[in-house]
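Heads up, the next two complexes both have chain A, just with different partners, chain B and then chain C.
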Partner chain A sequence: MKTSSGIENLISYGPVPGDGAGPPAPERVLFPPTFSVSEIKNKQRRHFMFLRWKQQQRKEKLALKKKRRKEREALGDKAPPKAVPKTIENQRVYDETTVDPNDEEVAFDEATDEFAPYFNRQTVPKILITTSDRPRGRTVRFCEQLATVIPNSHVYYRRGLALKRIIPQCIARDFTDLIVINEDRKIPNGLVLSHLPDGPTAHFRMSSVRLRKEIKRKGKEPTEHVPEVILNNFTTRLGHSIGRMFAALFPHNPQFIGRQVATFHNQRDYIFFRFHRYIFKSEKKVGIQELGPRFTLKLRSLQKGTFDSKFGEYEWIHKRREMDRSRRKFHL
Partner chain B sequence: MHSDDVVWSMLGNRQFCSYKMTTKTQNFCRNEYNLTGLCNRSSCPLANSQYATVREEKGRCYLYMKTIERAAFPRRLWERVLLSKNYEKALEEIDENLIYWPRFIRHKCKQRFTKITQYLIRIRKLTLKRQRKLVPLRRKIERRENRREEKALIAAQLDNAIEKELLERLKQDTYGDIYNFPIHAFDKALQQQEAESESESDAEREEEDEDDEDVDKREFVEAEDSELSDFEDMDKLETSSEEEQEEEEEVEKKASHSKWKGKTPLKGPARRKRPYIEIEYEEETEPSTKTKTA
Partner chain C sequence: MLWGLLVGSLDRSVSVFSTEKGKFTGERLCPGGDGAFCGLGVSIVTAVESGLVRVWGDFGVTPPQFQPLQELQAGPGLCRMRQDPTRPHLVGTGGKENGLKVWDLQRPQEPLFRAKNVRNDWLDLRVPVWERDLQFLPGSQRVVTCTGHGQVRLYDPSTPQRRPVLDAAVGEAPLTALALIPGDTSVVVGSARGDVAVIDLRKGRVLRALKGFAGGVRGLQCHPRLPLVASVGLDRFLRVHQLRDGRLRDKVYLKSRLTCVLLSTHLDWEEPPPQKEVKDEEGDELWDALESVPTPRKAKKRKISGV
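Take a look at the complex of A and B:
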């Protein structure tokens, strides 16, 4: 093996017609069947041969595709149905708590749970947003922006007060929900959402927080109009109750003039929050423009009463060892 | 004979004592029976054969005493007395036990006892308040969750989902009379118009098979593909197509602008339309320039 000009020595590896010393590969390169690229010791040559092998594979794949498509067209109506690719959503393990829209038991439960007064229009949501002790700049700004997104919400500083003492005071002042944003190392990383007159408390892990100025191509500030709410993909019972929790944050009568929409989209147990302004260009076309902060939530625990970490009755806790075993099993 | 002065001159005064910690300003004594914590002739438990300390164990305070009579029996050297929980009573007990002892040791014992009770009170107060629990982050798990979140974000196709939902709501008449779109009539005509004029402002899509695009658009693409492979071109096209839509609302302009992310081939029809529209613009702006010069 001469090591002087690596490319020329490739001739010994198989018939390469018309290949002088140039990189562009010829049309049909035949690799002998026992040839393996990894056996070449020289890195430069090995890399070159690997690229050629890759090109050849791609060509073969394309040719195969074309052939198959021709066959499909030739068969016309008798062609077998197209194969659906497997996705994680397709392969999801069926959850027995999936809510059927016509389920009476679920409907009855929802008529009598803690959100019933909200959904019967008896209460108007009033939200208190606060943080953990000593919030830093980013968290404070995020709280402010969150307060602009959620109508009828107030931001109060924590000042070292105990949550258990705050909660009765909030109830006395007619607040319906409490949001506590937990901070670690100057960035918000947790969210506790508590429905107040002893409603459920959900604890989330928050990630990918983007403030308004970090969002590219954003619009102007959100206005005071009440936004619409979109809840996507909350299928199981647990997901359903979390979805209702989120819906209970927003007043029931969205002002369509404002053309604002807040979205909670659940995908593989991650809840993505986005806030957009939309416009209907036609009946088939809508344009959306992102305003407002965005963040992702992942549910860690759901507790029956208000916030009580020691003696609370937990409806659902994320147990890592049990629940993270399967990649196809989701709980929301 | 056990002489304190000898012990002190050997150990304390020089650097031989293993309990001695020197710093720039002071010398400390790490001996657990030391009364003050400093390395002095009067505070050294090794160099004083008659010595006393106060120490606390599990919230209760004890008075430890050492006398010269027991100097030969290390196991029984330190005598321990439990002090009462009542502060004043305990002080009296210290006085009682250390009667006839040097003033320095008595005083320092009482001072130490006071300090200990103060910090015990503080501990009890703090345990009643909220205690912050630090939960360690596991690096592997954090990384796994971040990766899964990114993949979930890609799989979610949020913009598409939101748009679909909004269109659904429009169809189901939740918006009432605000928007006057003829929903079922003139469908096909509208579709054709939109395919031409608004194919460039389509929603972002993932990389998909070309099979998924409409047949009409397909024809345009294949004709124009070679010209529009440059990304620099895309910038120019963006700005010019912004001009196109200046007449329309700001929101729409921004929304459509945000859609032109990766679809260079779809600029084909825009390119064909642009000369048509630009001509209109030139007509409009020409008179204004004329007036300015004049």
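Take a look at the complex of A and C:
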């Protein structure tokens, strides 16, 4: 390449041979002190220099790794343990609202909150699933599949009715939860989950919705058995409340014969819903088949009381500017 | 004579918590009317959501003779009743479709001041009324209220004008808490969405917004001498902000959904309370009391923060 030939002449990798008496040249580079590769105006030459620099960095890194591995082998048993790589979950900022399982105040709070009748087995969950007005095919099919996943749920077509009018009627007919799937441009993108007698309302943004036919290697249709529920990683107080909301959708006694399990997995404030059928092939090996729809939820707000967007009081609202300042701080 | 904090619960019992002894010292059931308490006052005045305001005597009297000394009907849908701290015989009431009324407890038939609704809006529609919280401004007869439609209103009973002297719109969310800033020209209001703003009462402008709230604000209180405001809300945190620059100074996680905060007038906890306060027990019952929230709970815990 005829590029940067002038600059190559400037780089020296050691003292000039035969020049023992003069001042020792700098080890690496004879650039003027403030020169950097980005100051070369010519893009081709700059790119070339950058590639050279990158190769050099890679070589150094490999050499360092090799050295470290040799040292580790040489030390054998006395080698220091391997450092754990930093991940965002490792580096998560400690949330002071993390629930301690032995906390009495939290236990009292939960014994007297809106879900207490469910957890005391006084009510049986009965869910109403509906959508925003005039849903398109994908949303309708999603609602039907969701109704097969959640036992004792009923899908109703929303005929442009106001939610505030639907809610008293649901309460009169003994429904315990209301799910509204919001649709935008023919795909479902939001979920409002409201616990009915006077319970909290959670508003989620829904993404990555996959219907049953879009799931690869899926099993057969889910059966009518009551599934087990897994709630993963809801550690903070807010996460606890949301976890309880999800748990209150399913009846208490799962039918293990059905071998079906619904999982709500929270990671980095995103809640992943999956529905599987499992089979124990041996003591330690389990095979799972994914059935049912899958979707991802992100909590936007938790409102105390039933759905009331105008005059409701919020227990938690996601305020992007204030809460999303740190990449390592999560709220659920 | 008891002095301390009055705590009202959902089961309609009012208890007194003595701050010296650190425990509840008296409890009485105050029945009558429907709904939860929306206001408590000294020499035990109670108000409930159905509009019944009753004056009970002190707690020294045993239950069979514990009858209301006076009662008045303030109208249904009551949201708040407050007693004027400088003139304990005056109470103000306000609620949903129930405008501000200032009553003299000695004359329960007619309010001293009944507020009139503002003029129809630009579409010639009646502006709905929903007074959520009110405060008496010290040093004058004026009353400032905040509404569930996001307005802050200032009424002056000493003028013949029954409409609000100032009507300022602050956002769209319902304003659920109001606190006076010592100095008499501004107030702090908190909304159901967690937007807390400092409003100037002379012009009705927003001076400063306080940030950091994740949920609705239920209780606000300003410190009498330092420029600090303490706030509690449904997101289970107590926050202390500086009023001058709006910076959050402190944040404490308290595990329940909080409804009220009070600041102690004892500024220096090391000093014993001055002697004349102990003797002057009548005047010291200036503690505001706590209201209960219509959630399925039995008793409230309220937190005192001494700054």
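In the analysis below, the second predicted complex is superposed on the first by the 259 of 332 C-alpha atoms of A that agree within 3 Å, B and C clash if a C-alpha of one lies under 4 Å from a C-alpha of the other, contacts with A are read in each partner's own complex, and residues count from 1 in each chain.
Here, a contact is a pair of C-beta atoms (placed from the backbone, for glycine too) under 8 Å apart; a residue touches a chain by one contact, two chains touch by 3 or more.
Computed from a predicted structure; not experimentally measured.
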| query | Overlaying the two complexes on chain A, which is it for chain B and chain C: clash or fit? | reply | fit
| request: Could you look at A:Gln289 and tell me whether it touches chain B, chain C, both or neither (first, second, both, neither)? | output: first
| query | Which holds for A:Asp113: it touches chain B only (first), chain C only (second), both, or neither? | reply | second
| task | Return first, second, both or neither, reflecting whether A:Arg173 touches chain B, chain C, both chains, or no partner chain. | result | neither
| request: Tell me which of chain B and chain C touches more residues of chain A. | output: B
| message | Tell me the contact category for A:Arg277 with respect to chain B and chain C: first, second, both or neither. | response | first
| said: Quick check on the superposed pair: does A:His265 touch chain B, chain C, both, or neither? Answer first, second, both or neither. | reply: first
| field | Partner chain in contact with A:Asn232 - chain B first, chain C second, else both or neither | value | first
| Which partner does A:His47 reach: the first (chain B), the second (chain C), both, or neither? | neither
| Once both structures are aligned on chain A, how many angstrom separate the closest C-alpha atoms of chain B and chain C? | 5
| request: Going by the contact rule at the top, pick out the chain A residues touching chain C in the complex. | output: 96-97, 103, 105-106, 109, 112-114, 116, 198, 237, 302, 304, 310-317, 319, 322-323
| said: Help me check something: in the complex, which residues belonging to chain B touch chain A? | reply: 129-130, 132, 141, 145-146, 148-149, 151-153, 155-156, 158-159, 161-163, 165-167, 169-170, 175-176, 178-179, 181-183, 190-191, 194, 198, 201, 249, 251-252, 254-259
| field | Of chain A, residues touching chain B in the complex | value | 87-89, 133, 162-163, 205, 207-208, 217, 219, 228, 230, 232, 256-257, 261, 263, 265, 267-270, 272, 274, 276-289, 296, 298, 320
| note | The residues of chain C that touch chain A in their complex are 148, 172, 174, 176, 192-194, 211-212, 214-216, 234-236, 253, 255-257, 295-298
